[in-house]
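Next come the structures, one after another.
Shared between the two complexes below is chain A, which has chain B as its partner in the first and chain C in the second.
Right after this comes the complex of A and B.
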């Protein structure tokens, strides 16, 4: 048993970390959001956020983040399921995770080459008779590359949930006469819902504020809140507006956590 | 517990060793002793032979460091720490640095070669009387295009970009001033216009260009244009000459409605330790023969009038990079419009980017 003193000592690094790197930045962002571009205290940034430009941007960020999450989930769930059935599952899992060791920028540049007019994808389309298409700088390329980048983060939690699933429950369902589909949607899916939820959180939240891919892969044809923050901080030097957008992102993310985070107990 | 302590110790030792290596590397890189000169310049923006020539002539040891954006350079100089003696920022950054007191005034008596600089490029609004800076290279913003992808069609003006034949063929730079400037110029307004009605009109004009735009990108555009990924691109003349070197089919034009004229100037930042050597270096680079050699290597446009005499005819007579006086009349230097107006430019540019096909 440890006494109260040592327990408090162990708590110090954690408390410092939270105070310095979680609470302080959040307060700073909130603080900056109340200043206009000339450094005067005002609520103008909040009024600006509710103009059509930023509302449209928020909606489109949501729409793309939603699509990215949905597609990742549709690909990741069956993949994770099959992985748990394979013989060397840790090896297969590793192979899926390896691409996430490569720098994001390098992967984005690689896709510029692959999706380009003279890239591999178009040579393939040429061979099968469809002919060269514009792939780079479209919604398709943006969503495809984002899904590719996020998929390991979706597979991991789902894989863990499926792996921990007691196979006896599945056999029991089958013994009781449940069909494959019924077993899946009454037994397997509800028991792995926590994995699905954390997977969705890990993908949806960063997808909301993607900014580099919007330029490299979507050629700024897709504008997300992340793009706007980047521009306000680096180009306009309007830290107030950038912070205001960040404040809304934080609020939105908090709400998402609240909605998807319920029913955490059980299993 | 014992294992944990060992692990901690190992991490601490590794950190200390790494720290020692880093500080060792730093001091060997940015070391400024008695007679050394640290130059901070854009990447691949000087003929390195000239550096050794300068070292031989003066006995000053040159340390050469590079940056890839004005913002990155500004941050480093603001931080201090490294002793940069000469830096080469662009004009709008010089204006900012001047106002933030990050520059040391030049002693013109130590720069006799200043007289070789073309008067057109002296005493400009971003640095009145050249108190802090001397032009190094200059250039324009224009259109790089690939005639062979356009059935031999020639582009001569901003208005040509709105041609229906260019559907999905144009790459723009991700810069508010450049793109808004293009809209303003195509309406024959000034690049530095701050009239809200004019800006709005320019933004609406740009919206109608959307079907022709393939993407709005950063430095990647050089690669994309050289690889014939798109037929037309907005570009700085320096980048243009670089792309044209990669792909000889490309051509560059400064649109006849007018465009932007930019400068990279030599300055002595506040971080300088060897101000004497910095003046010597700036004067050395202004020597006509040196400037000519440098221009041949870098292939940007030199502001040095005398240097033109030492350059081959085909460089000096190339109107794409040394535009005729009539066209130069129409070129404008970006003025520092102040935060409020710059924010307006950026807002409209953001709205334009959100305009869907």
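Right after this comes the complex of A and C.
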């Protein structure tokens, strides 16, 4: 009895937190999504979401999130693999993670300085004879900076998965005649797929709703769902439409979690 | 080198960084179709030899030959050997069938052929019908068999087994010893088996290499090694031994424990200091008058098959006796042994000199053991 009681007491902060900061906001968003800009109850926001404007925005959000995730993965997997082979792997891992402790805005402003017309990147291009280019406010800079920001989150789960991989399995594959590449795609990758999945989750989902970078780095040339929500709440004051987009984002994220979720595996 | 030789090590040294070598100038030959055991305590270099043969590591010095070809620089996936790993190293994301089929699929074998071969290999290890099981559903002994099937299905010339039985419980281990031995006879493939368990080595091998500190101490049949250990290490490592200092008075006469005894060893210098080995099971408890040695029983353990009796002679040498008869602690008893039970070891003798000396016995006297 006593035990059960104390357990329930410990449960209170958690329950309060979930109720106040997870369930209540979600319900509020759902509630607001049913009101038009004048404050009348209607389903117009949902109808509007399925117009070409918003569908295109959704598609472009997906496309950029996909590119960011893919490039992060392509950079992170080999990096994580090399990290597990180094002597002081925990130290190297730490060095890669440290930048993620720095505020996102600071990093964004730093990149404005680097990619700007008179920034380091352009000075370099000038020196090697290519000449000053428009780097900031392009798709390239947007994806580059996003990848830079997300990469530690991709490396960490993949690193953990690779680190846990029994090295004897790699020897076993070689022993049975597998070349380096065959060993990778038949043994190493399938056995670290869970790390790849969690990495993709933690990159893809936030990348879908990026909004600060779209303005600072992409100069509003890239409009994602995140940007749209921000604009509706802060600029057009159409809270209903903003909430509707948010509802869709939540549903999409939930679906992604379901699809990429960990299936139960033994050993 | 004869045609029988399949693997040959020539002065192979393996050294990491500046540490003392793991393997120190080792040379040996492995013959086709035999069951070999590399036996030694942990860190003696036995697993390193296996890894060198498999190609998981490179020799710092020396050459390794396979079927007469130097294979120092041949990568692991191009070698005609397969390994059964200590923890089996089965692929957890593949089922039993695909684990066994792994090597065949890499060779791009046709599906029907793969199926036939995998089924044959699985029935060889008594696992027919387990094709679709997941690895996590298999018990330790079954995983062991899958690992063996995965190796033999590729029809390698040599199978390397890295302490494959160490994770199994005693009963299963004994069972697998029989099975492995039987399997090797049926397949006729060379097995190289690594273990630190001397009983396992004695029971299974055609030939044992006893290793210590990166050197082969002695090689030979189980009986040779048990009955005629070359030095204190081997005598001590293989089975229980009574080892005491002695002196070789002349051929066939040795002195220890303050007395002279007949023995069957020869070829020593007069009065050469030696070490004497007598196995505990060769000592027989008798009355003080009839005994060759007079000892006092210090302690006694019941081991199931026999009593293990620890006793001391007047010089303070310990004598371990295995006897089906019970002794009384504190009592004085006599110990009797045959001249053949005495094994004399020359101090610091190399394996070559040792073999030469043994050879000379066989030319002369008949050797009872």
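The rule we apply is simple: the second predicted complex is superposed on the first by the 259 of 267 C-alpha atoms of A that agree within 3 Å, B and C clash if a C-alpha of one lies under 4 Å from a C-alpha of the other, contacts with A are read in each partner's own complex, and residues count from 1 in each chain.
Heads up, the rule we're going with is that a contact is a pair of C-beta atoms (placed from the backbone, for glycine too) under 8 Å apart; a residue touches a chain by one contact, two chains touch by 3 or more.
Note that the coordinates shown come from a computational prediction; the quantities given were computed from them, not determined experimentally.
Asks: Here chain A is shared; do chain B and chain C fit on it together or clash?
Replies: fit
Asks: Angle chain B-chain A-chain C between C-alpha centres, in steps of 10 degrees?
Replies: 150
Asks: Between chain B and chain C, which makes contact with more of the residues in chain A?
Replies: The partner that reaches more residues of chain A in the superposed model: B.
Asks: Using the touch definition from the top, say if A:37 reaches chain B (first), chain C (second), both or neither.
Replies: Only chain B; A:37 stays clear of chain C.
Asks: With the two complexes superposed on chain A, say which partner A:220 touches: chain B (first), chain C (second), both, or neither.
Replies: It touches chain B, and chain C stays clear.
Asks: Given the touch rule stated above, what does A:194 touch, chain B (first), chain C (second), both, or neither?
Replies: neither
Asks: Just chain B (first), just chain C (second), both, or neither: which does A:175 touch?
Replies: second
Asks: In the superposition described above, what is the shortest C-alpha distance between chain B and chain C in Å? Please give a whole number.
Replies: 37
Asks: Which chain A residues lie in the overlap of the chain B contact set and the chain C contact set?
Replies: The answer is that chain A has no such residue.
Asks: Of all residues in chain A, which touch chain C in the complex?
Replies: For this pair, the touching residues of chain A are 166, 168-169, 171-179, 182, 186-187, 190-191, 265-267.
Asks: In their shared complex, at which residues does chain A touch chain B?
Replies: Result: residues 37-38, 53, 56-57, 60, 112, 116-118, 134, 136-137, 215-216, 218-221, 223, 227-228, 231-232, 234-238 of chain A touch chain B.
Asks: Give every residue of chain C touching chain A within the complex, in rising order.
Replies: Those residues of chain C that touch chain A are 54-56, 75-78, 81-83, 85-87, 89-93, 102-103, 106-107, 134-137, 150, 154.
Asks: Contact residues on chain B for chain A in the complex?
Replies: Residues 71, 168, 171, 174, 176, 214-218, 220, 223-224, 227-229, 339-340, 342-343, 346-347, 350-351, 353-354, 356-357.
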